[in-house]
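Heads up, there are several structures right after this.
In the two assemblies presented below, chain A is common to both, partnered first by chain B and then by chain C.
Moving on to the complex of A and B:
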């Protein structure tokens, strides 16, 4: 798997989308969520995708991250076309090279903050000693050293999202995809999370943030706007 | 797998009351399963223990019968016993005559099962009080006297007030008086014994074979059963085959063959156990499937997140199956406690049925029953998790994440 990938921190796009469409079969007929989107996601840069609800932002993020595959067109993630990859290969790609942050955090409520961060590393087979040290370092980095043993229910929204960011970074991905990461946070907390994502991109990761908040988008290196499934 | 087990355990702890109720339900169905597993092989196991306790490896019976199951006799049983006793590897061959007699004590008359044992033979009972039949010990010179000696069982003591030293009349018919050397004889109770194959309220007695023949006016030589003791139990099969070849009118049953023949007559217990076990497993399966499916429906977003983070379809499915297995595993202590607690009263009910020997048990607990029950419950737990596991592993990640945000 690693042999197929470009060297870390190489210049250029880590994910390329070319003329991507995405259709969903719905009871009322086929809905075209993406209509010929082309986009490059570059290492070390933060990209914000802006647009109103239902414009296709999240669909684009899912297609870029290998959670979904395009109906037509091509997405090349880390050198491989996702439409040609098996489900298992896409799963491995996500596990080792792509981190996700969700609007609703999706932290497992029965696990502590530390255990939530450990989870992707357990899946990736990181040795126990190393993963524990890495989890603590990541939680320290997002300012939650004192919250290791806390469960999500004992954390604020901003703290939960920071745990989710630490979890997304656990396997040292090359790409971090965040879907409305500030959607459930107040303005100040949302700004803190936005700053954190921006900071992560300066360390060489490609960061894509889907948002409808112009203030958060303004923190990115580059902004693209979407409307009705196309980049405007 | 350890990480998945941990995750499954934590998932179940999220809703402790619901999990506890399911475990309680599974414990009840598991208890029924344990009892039915104990019942399905319990009678045979108990019979095996009883037969082993008597110390005889082979029972020679009239062909096609079981011991004491009718009036059929082995012709020249004494001669066959002597021939068997002379074979190398055989340490004893005891011809036993069994029939029904009547006992009169004062004005009361009651029926009793009577076992005739030869001089120097080994009985099918153990002494509880008083003395054994004179002459049963090989060197016992006593044996004479006006009254014939008898040993009675505890039921006769309890139900009829017969005690050691009492004089009774033993006869072959209910209304006969003392008529001479045959038909009815005065007898003296010398001891009280535990007869190993007694029914629950059965009156039994033992007396010397020649005395029993006189009471019933029976021809000499016949035997209802020949008990054979061997020096090496491993040779029992070979010796039984040799006996069968010597006398085609008999069956020489090793303990294993005896249990198989008796078991064939008790198939309805097995059928009963199989039906109730199947129902118990079905209810367990439905309980696990329902609760795991319900739980899964409440956390589809989390499952989609796990898939998005890189958990494979197989591992997601395995996680859900493990939840079913953990539920079943947690129900095992309750199932065993409840099952064992219930088996006593159930055993007492079945043993109270007519024709059931006192020392036989229907519900026999052992490592085999425990292992089978645990294995069936765990497999059922896993099977119960299969449907929700398929739902989880086939979950569309992107639509689910989208739906979660929309909701």
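Moving on to the complex of A and C:
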């Protein structure tokens, strides 16, 4: 068990990025994916990051979520610099405070919808009765009460993404990071998922959505555009 | 009734036609069931026996057909075993009092090795062996076969280990993305490694249990076939508890090793790489 992390040092900002660069060593040489990005992710606000493929949106999301650490600059997540945190501490940060939603849903196919939502709570040590009740409540909230026992293969794309959102919210995180959450969905379903993310942000979560889709971006409180690793 | 065993290889005439033997009742003998089948005679028939093919032939009535204790070394032999009364055997052999081996049964609580050692100090002109020594002399072939079996089992275990590793590698590749997802949602390396070990041990246990089932089925088939082939109640294939424990234990250990290798390979890569990012 870990101690609760201290609150963000700036009012409203749960994650702060300052002059962040991120380099990847590739066979052809070093690729700079982020070039001096500064950004605040604020509680209760939905932020959309737009930009063409390869501009560094997903890299920024990973750096904000503690999946990667910056090469230079600083990311402060809930008051702690991610570059100074161990791998185990970053893992705990993601488990308890940051929820992820992916374009391809990435649900575990051998588990049911309910079990997928239960998984992060089991790791976090939530008592069995409470986690089951919470999983059911979350799945009910995303409109999937009747799909608890269904495996991902038995669900539509929109349903899978809603299960993924329920999973991301399971440990009551402070931040929800969504990487192209509507990329694999039709227009109507994508809009529903976008509305759901918007709704979540109004309840006090910080939501960051990386998207190509201007319609989804329009649902956000704030939009930033990226090009070649820079916020324009 | 007491019979003496004799092996008659050169001169034996099956003469069921003599069942209606005239004259004085011939002496009796006992035949093993296999010998009776070989000769085509039954209890009550009269057969003629001679020491050599040149004769003289003597008639005997088959008083008993019995099933002897079977020995693995003798199952493929096609010789005819007769048991005659000592007087008849001596008369047939013409050699008078002539014994080439004697079996001594020791009292309960007496150590056969002590008796054999004591007998060997006596100047009787023979050598005493314990039944264990006799068995060891007669089972040298089986010891060689057992060594072959051990070698085969080692090769089989090695092959199955490679197979298991291959399965785990393939499963590991299949699970690469799942591991990446688990890491991203905050599942610790330890939990992921534990789940991979559990899966590997489960695969190994299921595989070894299936192997045990297959082993029992094959063992039963082998016994059925060779018992019929050699017409014997001998057991040719046995799966013992120690063998079972060793097999299942080794499989699970190999599975855990394969799981550990897979976990190490998957968990040393960053989560985002496992998701193909």
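Brief remarks on what is shown
FYI, the second predicted complex is superposed on the first by the 221 of 232 C-alpha atoms of A that agree within 3 Å, B and C clash if a C-alpha of one lies under 4 Å from a C-alpha of the other, contacts with A are read in each partner's own complex, and residues count from 1 in each chain.
In this text, a contact is a pair of C-beta atoms (placed from the backbone, for glycine too) under 8 Å apart; a residue touches a chain by one contact, two chains touch by 3 or more.
Computed from a prediction, not measured in an experiment: that's the story for all the values here.
Aligning the two structures on chain A places chain B and chain C in clashing positions. Of the two partner chains placed by superposition, only chain B is touched by A:180; chain C is not. By the document's definition of touching, neither partner reaches A:146: not chain B, not chain C.
Contacts of A:91 after superposition: both chain B and chain C are touched.
Look at A:58: by the touch rule set out above, it reaches both chain B and chain C.
Legend: residue contacts after superposition of the two complexes on their common chain; A:67 is shown touching both chain B and chain C.
In the superposition on chain A, contact of A:119 is made with both chain B and chain C. By the touch criterion stated above, A:103 is placed in contact with chain B alone, chain C being left untouched.
In the superposed model, A:167 lies in contact with both chain B and chain C.
Chain C is struck by only one stretch of chain B after the chain A overlay, and of the options 96-104, 132-140, 240-248 or 258-266 that stretch is 96-104. When the two complexes are superposed on chain A, the residues of chain A that touch both chain B and chain C are 58, 62, 65, 67-68, 87-88, 91-92, 94-96, 100, 102, 106, 108, 119-120, 123-124, 167, 171. Residue ranges of chain A in contact with chain B, taken from their complex: 24, 58-59, 62, 65, 67-68, 87-88, 91-92, 94-96, 100, 102-104, 106, 108-111, 119-120, 122-124, 167, 171, 179-180. Remark: chain C residues 177-178, 180-189, 191, 270-272, 275, 277 touch chain A in the complex. Interface residues of chain A, counted against chain C in their complex, comprise 58, 62, 65, 67-68, 87-88, 91-96, 98-100, 102, 106-108, 119-120, 123-124, 167-168, 171. Across the complex, chain B meets chain A through its residues 3, 7, 10-11, 13-14, 301-302, 304-313, 315, 397-399, 401-402, 404-405.
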